[in-house]
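By letter and in written order, the chains are A, B and C; residue numbering begins at 1 in each of them.
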Amino acid sequence: MSAAKGMIIKMYDAVIIGAGVIGAMTARELSKYNMSICVLERSNDAAAGASRANSGIVHAGFDAKPKTLKARFNVEGSEMMPQIAEELGVPYRQNGSLVLGYNDDDRKILELLYRQGQENGVRGLEILGGEELRKLETAVSRSAVCALHAPTGGIICPYELTVAALGSAMDNGAEFLRNFEVSEILEDKDSLTIYASDGRSVKARYAVNAAGVYSDKIARMVGDDSFSIHPRRGEYLLLDKDCGGIVDHTIFKVPTKKGKGILVSPTADGNLLLGPTAEEQEERDNTDTTAAGLNDIIAQINEEAEGVPVRAVITSFAGLRAAADTGDFIIRPYKTRMVHAAGIESPGLSASPAIAVRIAELLFELGLKTEKRADFKAERKSYYWFRRLGAEEKDAYIKDHPDFGKIVCRCETVSEGEILEAIRREPKALDLDAVKRRTRSGMGRCQGGFCSPRIVELLAREQGIPIERVTKSGGGSYLNICRTKGGGQA
Amino acid sequence: MNREQIDLIIVGGGPAGLAAAVAAYDSGVRDMLVLERDVNTGGILQQCIHNGFGLHRFGKELTGPEYAWEYERMAAERNIPIRCGTTVLNVSPDKVVTAVNSDGVSRIEAKAVVLAMGCRERSRGALNIPGSRPSGIFTAGTAQKYVNCMGYLPGREVVILGSGDIGLIMARRMTLEGAKVKAVCEIMPYSGGLARNIRQCLDDFDIPLKLRHTVTAVHGRERLTGVTISETDEYRRPIPGTEEYISCDTLLLSVGLIPENELSKGAGISLDPITGGAVVDEKRQTSCPGIFACGNVLHVHDLVDFVSEEAALAGKSAAEYISGGLDEGAPLDLKPDGKIRYTIPQRIASRDEDVKVYFRVDNIYKNVKIKVINGDKTIFAKKLAAAAPGEMESLTLTGAQLAECGDAKLEFVLEAG
Amino acid sequence: MKQELTCIVCPLGCALTVEIENGEVTEVSGNTCKRGADYARQECVRPMRVLTTTAMTEDGRVIPVRTDSAVPKETLFDCMAEVNRVKLHLPIKRGSVIIKHIAGTDADLIASKDIERGI
């Protein structure tokens, strides 16, 4: 794997460090131009960090302080999102959000948010009284007396968006290097050489730092210590699809100093999501859930929505928000060859399409010379194309492609054909979690109990590796240790 | 799309589905089809390679695959058509079954349907165990599949949460294959597994069973490196200060089975919140006329022998339904008192015949009496020397006793004495 | 001397009480059937267990196998070591003997299932 001494190191016009939603969106944006692009990712798949575990909300944009980068890119990004989601085949729904108030003080805060939203350019905002509120959302807590309604708020699956954006970039020629943990960056006259901890390296005429919670470390590698990242961990509970219809809107409480607080929202896939908590921490790889955090969510839910059956939890998870000490997004060039996209916490997902466009502009300003391609392919086939077919169409397709008639994941009705497609199509799913992120197999009620052994077999077969080399999420996350018989046993 | 009309559709080719098919055949049904999602029949029995099956039904002790074979043989002798690799996507209230396999999508209009989809295991997510999300956490059944069907060992140092039978069986299985099982933790003060499995799966290998203990955190970034276990109080809450760290690379979960009723919900069938399965009458007919349920999709059984027995009843009833319908008298609703968690059936539709009622209690009891009360009359009473949640009990109400009932409600009460 | 045992003959799992005098079982109570009494006597002298496990086939699959009668408990791991060494030729019929007198016991290891060649 490692580049031998004297070997020619491949040079790219742009190297993007980090395959989260910012890196993936940026890669896609740049792939509209004639240039060579490479995305580096420290994990085994795209969307392995903050983009894997967040609320999946496309915020309307009233929350960010006017004149901040957060405000600007949130509003711009969420306006772009419907079209991008359509092009990438990612489920997106403009379900609208509600911020609940419980007393007169809260109403004042809502009015402030309303004015802030107006100033940021958010369309359609309105403040509702208790009666109008309940007409719009029946399950809302009885104690809520007023609410800010933002009809342009939406929901999208953050990792599906990320994988699809990277896939679209790759369809248009971008390259993707996994398990590439950047350890050193050397600058010379006309390029940066970026080394991985395993010895591999690439050369970049220009680089984009989209490394999430590690973006300050990347900045330090090129000599920039102007900001630091303070990860904030958020825990979530995900409920069965039976509960997805309990609320229609994304429901927040009035924000406090700590942030937007715990939300209740349907997800784009039809589950119900509760969370997040907000816990500052030093470690950049600690995504543990805690009993206290999960209990905290459960204790707060009734203030927002009634009749949420916490019994129906199918999984809990935690994600890190890459908050910067500056409090705002950091989107700016450093010297002549790097553009930072750092401190991308909420509303980073919403802002990602606009941030990607801005990063491209900044690269051009630095001197990247290129022109738009005529052959850019914007459309990407959705991972859901098969399940969206009607029964007759499915039947006709299965006649020629029998793998699509073999159901592997019974909870989410995912066929072997769809799983093989996820394994074979760029960016290829190389592990169990990657298959899950693309197909939803294993994401249902049984959480992979029935389907994971079969998916493990398919992953092994397609990659030509033994079953005991198949992992849950790359690295050392093996699922099986050895064979039980034939001399391979423990 | 393939369109068919078949008298009887049986959803599931495990021990319940096959037994229902055999019984329906023997009651005269010829036009029938068993739909099985796996490539083979036998269901979960194929991975239950241990013995202990069949003593009631066949008078001999069989392994899971051998028990399955007995029913496969009976089905084959009757030329009962079975379609494997076929997943049922939907059952409509008017008994139209939509299924898919590698030949395409089929739409089958049935006169009667027997639901025999079995159950699934409760997962980590449903337990909300805090901590990281490494690999190495499996339900006991998933580990069983890896070890027994695929020939792979999922780990070397194992902690098992929950002392259900699959967990106990896997403790022995992993030990025999060279793994070290460090502890089995059970949140309750008693095990939900069979006493004999504690003896032959744990005691035989000096595996400690830690009652009133649960896993309160999992550790490890990539692969599991250990778990924290804690003692629990009488409300099943962890007691602070009792935490103990156990290093291990594998955590197996054996914390309960849930009937798999997604198809039943789709058909609009009423479900019992306690069993997680359909509400049925003594013929195992659900709230949807002509749709029957049996086996672990109806309620989780201790023994496959009882699954087959119940399935045979459902199969026979489906045959009666097809050939002219079932009698509906003045129905009786069975109301368990809570100490008795549930009864199967939940209602009795016809009072002509004796009805065997199965029930499960909510706790460990000694020297108790079960009473069946109708209005102010006790129509049945029986003493039980012992009763435990892990063991299904039964009693038989005679047609004469049922005919006496004036009130539409039958109360099932557990009393001291 | 009294000893408490859980019967493992069938899923009933009767709680047995065994009276032992001078190393001999003199009385068994708590059993529901005769096999329970037999089990208790044997268990106090030399515990016996049926082994159920898997064996590898020539094409790398595993098939379920078991001993056709109980083997002394202390030989279980010796039996496992022997099973783990075999590679079975296919096809195999349910009930066919795989290892005669496994680990020197009176029991034979037999297949629990039919396995065809190469599917």
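One rule holds in what follows: contacts are C-beta pairs under 8 Å (C-beta built on N, C-alpha and C of every residue); 3 or more make two chains touch, one makes a residue touch a chain.
Fair warning: this is a prediction, and the values are worked out from it, not measured in the lab.
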Chain whose Cα centroid lies nearest the overall Cα centroid: B
Chain pair that, of all pairs, has the most C-beta pairs in contact: A-B
Distance between chain centroids, defined by C-alpha means - subunit A, subunit C (Å): 53
Centroid spacing, where centroids are CA-atom means, of subunit A and subunit B in whole angstrom: 38
Length of the line joining the C-alpha centres of subunit B and subunit C, rounded to whole Å: 26
Residue numbers of subunit A (touch at least two other chains): 483-485, 489
Subunit C residues counted as touching two or more neighbouring chains: 54, 56, 60, 62
Contacts with two or more other chains, residues of subunit B listed in rising order: 147, 149-151, 177
Footprint of subunit C on subunit B - complex, ascending: 49-52, 55, 61, 63-66, 69, 147-151, 173, 176-177, 194-200, 204, 302-303
Subunit A-facing residues of subunit B, complex: 1-2, 37, 85, 87, 89, 98, 100-105, 107, 120-121, 123-126, 128, 130-136, 138-139, 141-142, 145-147, 149-156, 177-179, 216-217, 221-223, 238, 249, 258, 260, 262
Subunit B partner contacts - residues on subunit A that touch it in the complex: 237-238, 285-291, 293-294, 313-317, 391-392, 394-396, 398-399, 402-403, 405-407, 410-411, 413, 415, 445-450, 452-453, 457, 467-468, 471-485, 489-490
Residue numbers on subunit C that touch subunit A, as the complex places them: 54-56, 60, 62, 83-84, 87
Subunit A residues within the subunit C interface of the complex: 483-487, 489
